[in-house]
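Have a look at the structure below before the remarks.
Order of writing sets the chain letters: A, B, C, D and E. Residues in each chain are counted from 1.
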Amino acid sequence: MNNKKVGLLAIGMCLLMIAASFSGCVETETEIEIKNPDTIVFYTIGDPKTLDPADAYDTASGEVIFSIYEGLITYKGADTETFYPSLATDWSVSNDSLTWTFNLRENVKFSNGNDFTAEDVKYSFDRVLIMDAPESGVSWILSQCMDTNSTKIIDDYTIEITLTDPYGGFLALLGYTVGYIVDKETVEAHGGVVADTENEWMKEHAVGTGPYMLDHWTHKTEVVLVKNENYWGGWDGKHVDKVVIKTADEPATRILALLNGDADFAYIPYENLEDVEGEDGVIVQPYDSYDVVLVILNTKSNNAYLAEAEVRQALSYAFNYQSAIDDAYIGYMSRLPGCIPVGMPYYETQNNGVPVYDYDLVEAEKILDDAGYTENDDGYRFNATTFRIFYNAGNAERLKMSLSFQQELTELGIISTVTTEGWPQLLHRMFATSDWDIIFMGWGPDYNDPDDYIAPFVGSADIGQDTYNTGWKNETVDEMILKAKYTTDHEERSDAYQTAFDIYIHDPPMIFIGQRQYIRPMRDWVQGYSYNPVREWYWYDYYKE
Amino acid sequence: MKTWEYITRRLILLIPVLIGVTILTFVVSHVIPADPAMHFAGGPKAQPETIERIREELHLNEPVLVQYFYYLNDLVHFDLGKSYLESRPVTDSLAQYFPATLELTIFAMLISIPLGIVGGIISAIRRNKLSDHITRFIAIVGYSLPIFWLALMFQYAFAYQIPILPLEGRLSIGVSAPPPVTGLFVVDSLLAGDLEACGSALYHLLMPAFTLGFATLALILRMTRSSMLEVMGADYIRTARAKGLSERTVIFKHALRNALIPTVTVSGLSFGALLGGAVLTETIFNWPGMGRFAASAVIGLDFNSVMGFTLVVAITYVLANLIVDLLYAVIDPRVKLGGV
Amino acid sequence: MLHLFRHSLLSMIGLALILLVVFIAIFAPLLIQEHPSYVEVSTDQGTTRVEERWDINFENKLLPPGPEHYFGTDDFGRDIYSMVVWGTQISLKLCLMVVLTATIIGVILGGVAGYFGGKIDEIIMRVTDVFLAIPYLILAMAVAAALGRSIENIMMALIVVWWPQYARLLRGQVLSIRENQYVEAARSVGASGWRILFRHILPNSFSPLLVQITLDLGAVLLVAAGLSFIGLGASPGTAEWGLMISMGRTHMFHAWWYVTFPGLAILITVLGFNLLGDGIRDITDPKLRR
Amino acid sequence: MNDEIILKTDHLKEYFPIKSGIFSKVKDYVRAVDDVDIYIQKGETLGIAGESGCGKTTLGRTILQLIKPTDGKVFFMGSDLSKINKKKLRKLRPHLQIVFQDPASSLNPRMIIKKIVGEPLVINGVAKGADLEKKVLELLKTVGLTEQHMYRYPHEFSGGQRQRIGIARALALNPDFIVLDEPTSALDVSVQAQILNLLKDLQKRFGLTYLFITHDLSVINHISDRIAIMYAGKIVEVAPTKDLFKKQLHPYTQALLSAIPIADPNIKSKRTHLRGEVPSLIHPPSGCNFHPRCPKEMPKCSKIEPELKESSKGHFVACHLY
Amino acid sequence: MQLIPDPPGKIIDGQIFFEGENLLEKRAKDMQYIRGNEISMIFQEPMTALNPVYTIGDQIAEVLILHKAVGEVDKKEIKKYDIIGKRKQKKNLKKKSIKKAVDSLRMVQIPDPEKVAEQYPHELSGGMRQRAMIAMMLACNPKLLIADEPTTALDVTVQAQIIDLMKDMQRRTNAAIWLITHDLGVIAETCDKVGVMYAGYIVEFGDVQSIFDWPNHPYTRGLLKTIPKITKKRGKLDIIPGFVPNLITPPSGCRFHPRCKYATSECKKTPPPLVEVEKNHFVACHHYEDVKLSVISKYQQVKP
């Protein structure tokens, strides 16, 4: 064996390995047959936190609970406006909007064979209120207008709910998982209801009236649902027997699963959409959402410059919105005019939905120069103070926006650092320290009302808001928010929002970036899919063909 | 010293180590300015009362030392606290993830150790021949490769381009897990007589186990090769030849058993490396084991989980080394248990 | 020394690779197409540190390799070739710092433990036992997570993880070298403990230490890359190889160059260290030199 | 040679503990040196002979305080070495030196000869710089090496040369007393003779006192004035060399001497055969620890330990026969 | 025995005759048959020469199974794939050969041979190990036993036992013994013939008596004189000046010449041939006559 041969061999091996790894740019595959025709497989990222409807507040948990449990009312298809009967066949409301009467569906059985009655309804609502899920705190949704005296059993199939306060969104609450009905007998057999304590059994097990029942849930692996033979809606028509929701952390895994047909749906990050777009058998369809993308600014930071409105205005001009849309969200985002997302009621009160700020470095410079924050000899403003930008670890879009924003700030003569931190660390920083200036954030809807956006964003801590601890406060804005919340008059509400907008937009506590779109890449053999932002993933509707 | 005496002694010595491990991880996890209570309570949307209540429950308002004693007290009662990423007791999580990692690690060893030994022998007896150079080169590349890169490449090559192996997971879709006895799917499915599940489990194990074991394979190959070379020069090999034994008998009977002694040690040590490597391998192959759990716990600063995980890994690792030492005494009669 | 390598082709290759990497690291500023700029920033602690910045230009994002960009560009439009070359310096600095610091700590503690024995030995060894009972990637993960994401913190984490190995190695060496008669000879002429440790024992444990150091330089690089991969690596925007792989892995299917070149850089460097370490081992270990 | 006693041991004992059990309790001891009384006169050579594992090397080290004795005393020029503190001991060190058995391991492979030989001088602050170099050279010349050897490493030397270096190091501080621990057993016969001659020369020149430890009785015969025979940690017989070779009293000594093959085919020796082998030092036999192998064993041998008694002038023996 | 590994060692030239056959021309298979069976070998360090992981009994039984096939397995009776049968046979065979091994241990006077057969080498003392080694090598009654420094690692009292044992065994088995040693005492006591080697060459060869009485080579002479003897008077030892040369660059001509007081220019150039100076006494020296004379003169001085 001479030395030359070894050398050649070594180089050969190297090349071979690289070639083997990357040669596959040429597609040779033909049409794939439908894989697992009786099963829907969804590859996603998050594991559910709990299967208990009284406890669930995160998307991943909702995805599962929506198909196992049912509420009194429901939605259909993509329609978010209309309430359809579910466990209640019909309902009526008193004139003072306080007392609601529901007639319940008869002959409904839980998946374990127990009968569904009014008893279960009362038990479920009271359970949410008594248990008051300490970890998620989701019970606030019901406790806004209900207490344990609210629900009254009229007879086995009639129930009456008396609200503590009139509330326009009451039916919408019942459509959320927290209003879903559990089997009293099952819960009582497994720990019952203990005040301020979660039911550990219910977290891992589920017995509901919905079309599917839980086969098993293996944490960080999969949730498998199988059809509930007792389902009152029946199994005529086209449905699948089984639903598999798989958890996969690596995007590559989910991409490959979708491409080779193992997955029918897959969660794919924005920057990877191009890997599946245009591939045979894959549909990439965006849907509008109310998920907003924000940058919060700390007005009580130990970097005192952020207390100045001009500085925050300048920062709003320094943000490259188009680049965020095109490069971070690959085009799947639209501009956000103010607190209220486009599409939601009253969004037009915000400059008719046209954003006030645009990317304009010249304007930003002018504002800063006028305010006296000129560049020093080294070309730095603010005496070379460092602006600290943060985002939560693992968020690729926010990373892109942060680094790009940092570069814009450098252009402006502002020094900045970008740091990524884990959630608990970032929360601690945000709420317990003043060691932050700029954090990239997001917000999703709890229910379809502008109050869910404007109040936490620009309402001050004095009215129990300021969710992001920006320290921003304006008394008029606070007043307008409260006014809008407790009025039912459209005009009045509209005016209040407009007044608030005109104030906060020129003294912005945050940079309003955009509303991102949901993308649900899926195989083209999946039929019956429709996107409903309030109740995603209703597996009963889907089938494969 | 009797074997049981030795084992007891080692197990007793394990206690201070484990206490040390808890102190170490506890210190590490409390250096960091984070607010688990708020995170627990659901982030910015959480109600202040909820946060305060959780803080109380977790004794977060107490001094660190007091917190540590709470932790130790719970630990004695086999309570490792609650994972706030999974919102269930850490012990439950570990009970689920540990067998998966154990299965993966065991199979990684089952693949890497025999292959490594065989490769090492071939390399040693064909010293400086072509096959020696090839095996050595593969070995040295083997432990120079970032394991996650290797995993991604394997996945891309064998699950996508040439789809002969499953992409991820422990079982195929449609195959249900066998009733849990040990938590190792291969064993459980055999116990249940479910050959389909067993086959599926093995099929899914192949790629991740090989990826995980590749570096170990390389290590064992090198170790076997060099100890084999050393042993082949020993006097008793000369004696064996002088007895007129065939070369085969000399190598496989007289040389191999002696050469395996250092290999056993390396295997024990590599167990730790495998547990560490499992973090990366499991993440990529979507293996629901402790490694992936730990990775997400570390990222999410779920320190109860991290501490529980570290404790279990430390116990496993130390026990593995104990087993190796016992094995050592079996292979090498000269070894007396109890020598420090 | 050099002539000893002649007998082993593989270690020659290793030496060549390392020389190449060191050359690249030294002359990086002359080799690259795009240069980072530097900004002095202040930290929470009130200190300042210099950060490196690479120009972002989304218009150039994910360009394939070509004459303009030898290794293509990343998703920020930055030149991968320049960053990989630049990363050589960062990576070498990282592994050298980690291994040398760990060695110094380990050598002192291990030497003291081994030579003086008794209670000091007990304490030091029990502490190393604790550290060694946790696989190092896992411990490094925990420490890195606690310290936050930056190269300096990764270094700290790896040092915390790495020193016990050296303490253990050195203690073993000391215990075996202590048996040599020259140590006894030194004692019989009245040499003090420290003198024996530094003049007689440490110089003689140099070769196994050197082998270990060389091999560990590669190992450290791999673990650092692993940390980056999980998401605990350098702060974003740094030209660190592990971070580049970590960021590039989501683009693996449509921009193969993004992960490949930093990956190859790691492979070549680690391979070089391993081949070299093996070579040194073969040279210094008379048992294998037949 | 005069009658002044330069070194004396008094019930010297060196036990090494053996730990075992769950809590590493000391279960037993290796009785390497068990109750040894010897004395050495100024200028003489006392040979300690015995088979491997009998504790003779440990005895040498214990005398030099390289190992702390478990019990007993060592008097050197009047002071008790086992009692004095470290500082005083260090002061006395120059007077007591040792030459080791294995010249390969007794020289630090990473030091050049100049450093090795000069180290004692540097440590004790005897010489520095050019003076040091001169002294080292002088020492090297004394042991038959030259200037060119000064800057080489130990591995560049042959076994015999290395042993010369070891001797040079021992001589550096002008000692009075040197323990020679099997200095020739690792050497070729032809080289052994050179070293033995050198040692004899040096003794004459510097008036040295030697404690010569060896297993080779022909060597000890050649170099010693008196011989002590050691068996299983104990001294069984001490006598002037001539006396011992003329008449051995202890059965063990008799067997030992008769077992030596003589390099002369004309002399056919008559052997005393010993049964069995050297006993372990952990559980030595009761009474006289030679009794299980002794051809002249008596009933009391297994019960009572014999004392070392003077049977004729200067001839001591520990046996119930006398 | 062709046990030197190749590489690095290689037999460059020459022939080895054993019972009239040249061993170097034998095939590997035949050599394996000869080794241990017809020629066997004992090594210096019984600790390292015995495999530490097998019992003494196993190791002896192995040779027996290999060469003597104790109670030959009847291969015809067992079908090819009858694994159980084979295993049974094998077990039987092993049992028998272990019994034989115990016998041979008893032969070398090992007390309690049954127990020793079950022990591992490290559990035995040096003398016992060497006995076991001898038992192993004599188990097949070889015609030639090569003993490479068999007693060097042992104490004198044990050495004496082993030498006696070897003599005894020789008487019983009638094997030829080839003893390699540096200890002239052992040679004088045990050997019939002796060859003296210096730096790769046999410099003198002959009957033990004549070599010790009339050494004809200056090296042999020096060697005999340098040894301190119990029987001799004390005084300064004669020495051979200089050091043993290394074999990579040996001195030219007669390899002993740099240390030889008789050396002339001729010695530097030509290596001396081995010549028979008297019956059964060979010497390789250009000046053996001078050496002889000086020895005689010395003797005359001693015994006037």
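A few remarks follow.
Definition applied: contacts are C-beta pairs under 8 Å (C-beta built on N, C-alpha and C of every residue); 3 or more make two chains touch, one makes a residue touch a chain.
Treat the numbers as computed from the prediction; the structure is a model and nothing was measured.
Common neighbours of chain A and chain C (chains touching each): B.
The chain closest to the protein's centre is B, with centres computed as averages of CA atoms. Centre-to-centre separation of chain A and chain D, using mean CA positions: 86 Å. Centroids of chain B and chain C (each the mean of its C-alpha atoms) stand 23 Å apart. Here the CA centre of chain C is 54 Å from the CA centre of chain E. In chain B, the positions touching at least two other chains are 32, 137, 141, 152, 156, 233, 283, 295, 299, 301. The residues of chain E lying in touch with chain D in their complex are 125, 127-128, 155-161, 163-164, 182-190, 208-209, 212-213, 222-224, 226-231, 234, 236-241, 243-244.
Note for the complex: chain B touches chain A at residues 32-36, 38-47, 50, 53-54, 57, 84, 86-89, 93, 96-97, 128-130, 132-134, 137-138, 141, 152-153, 155-157, 159-161, 163, 167-170, 173-174, 176-177, 283-286, 288, 292-293, 295-296, 299-301. Chain C makes touch with chain A in their complex at residues 9-10, 13, 39-44, 51, 53, 55-56, 58, 61, 75-76, 145, 148-149, 231, 235-237, 247, 249-254, 256, 260, 264.
Note for the complex: chain B touches chain C at residues 16-18, 20-21, 23-25, 28-29, 31-32, 136-137, 140-141, 143-149, 152, 156, 222, 226, 229-230, 233, 272-273, 275-277, 279-280, 283, 294-295, 298-299, 301, 306, 309-310, 313-314, 317-318. Chain C contributes residues 180-182, 184-192, 195, 199-200, 203-204, 206 to its touches with chain D in the complex.
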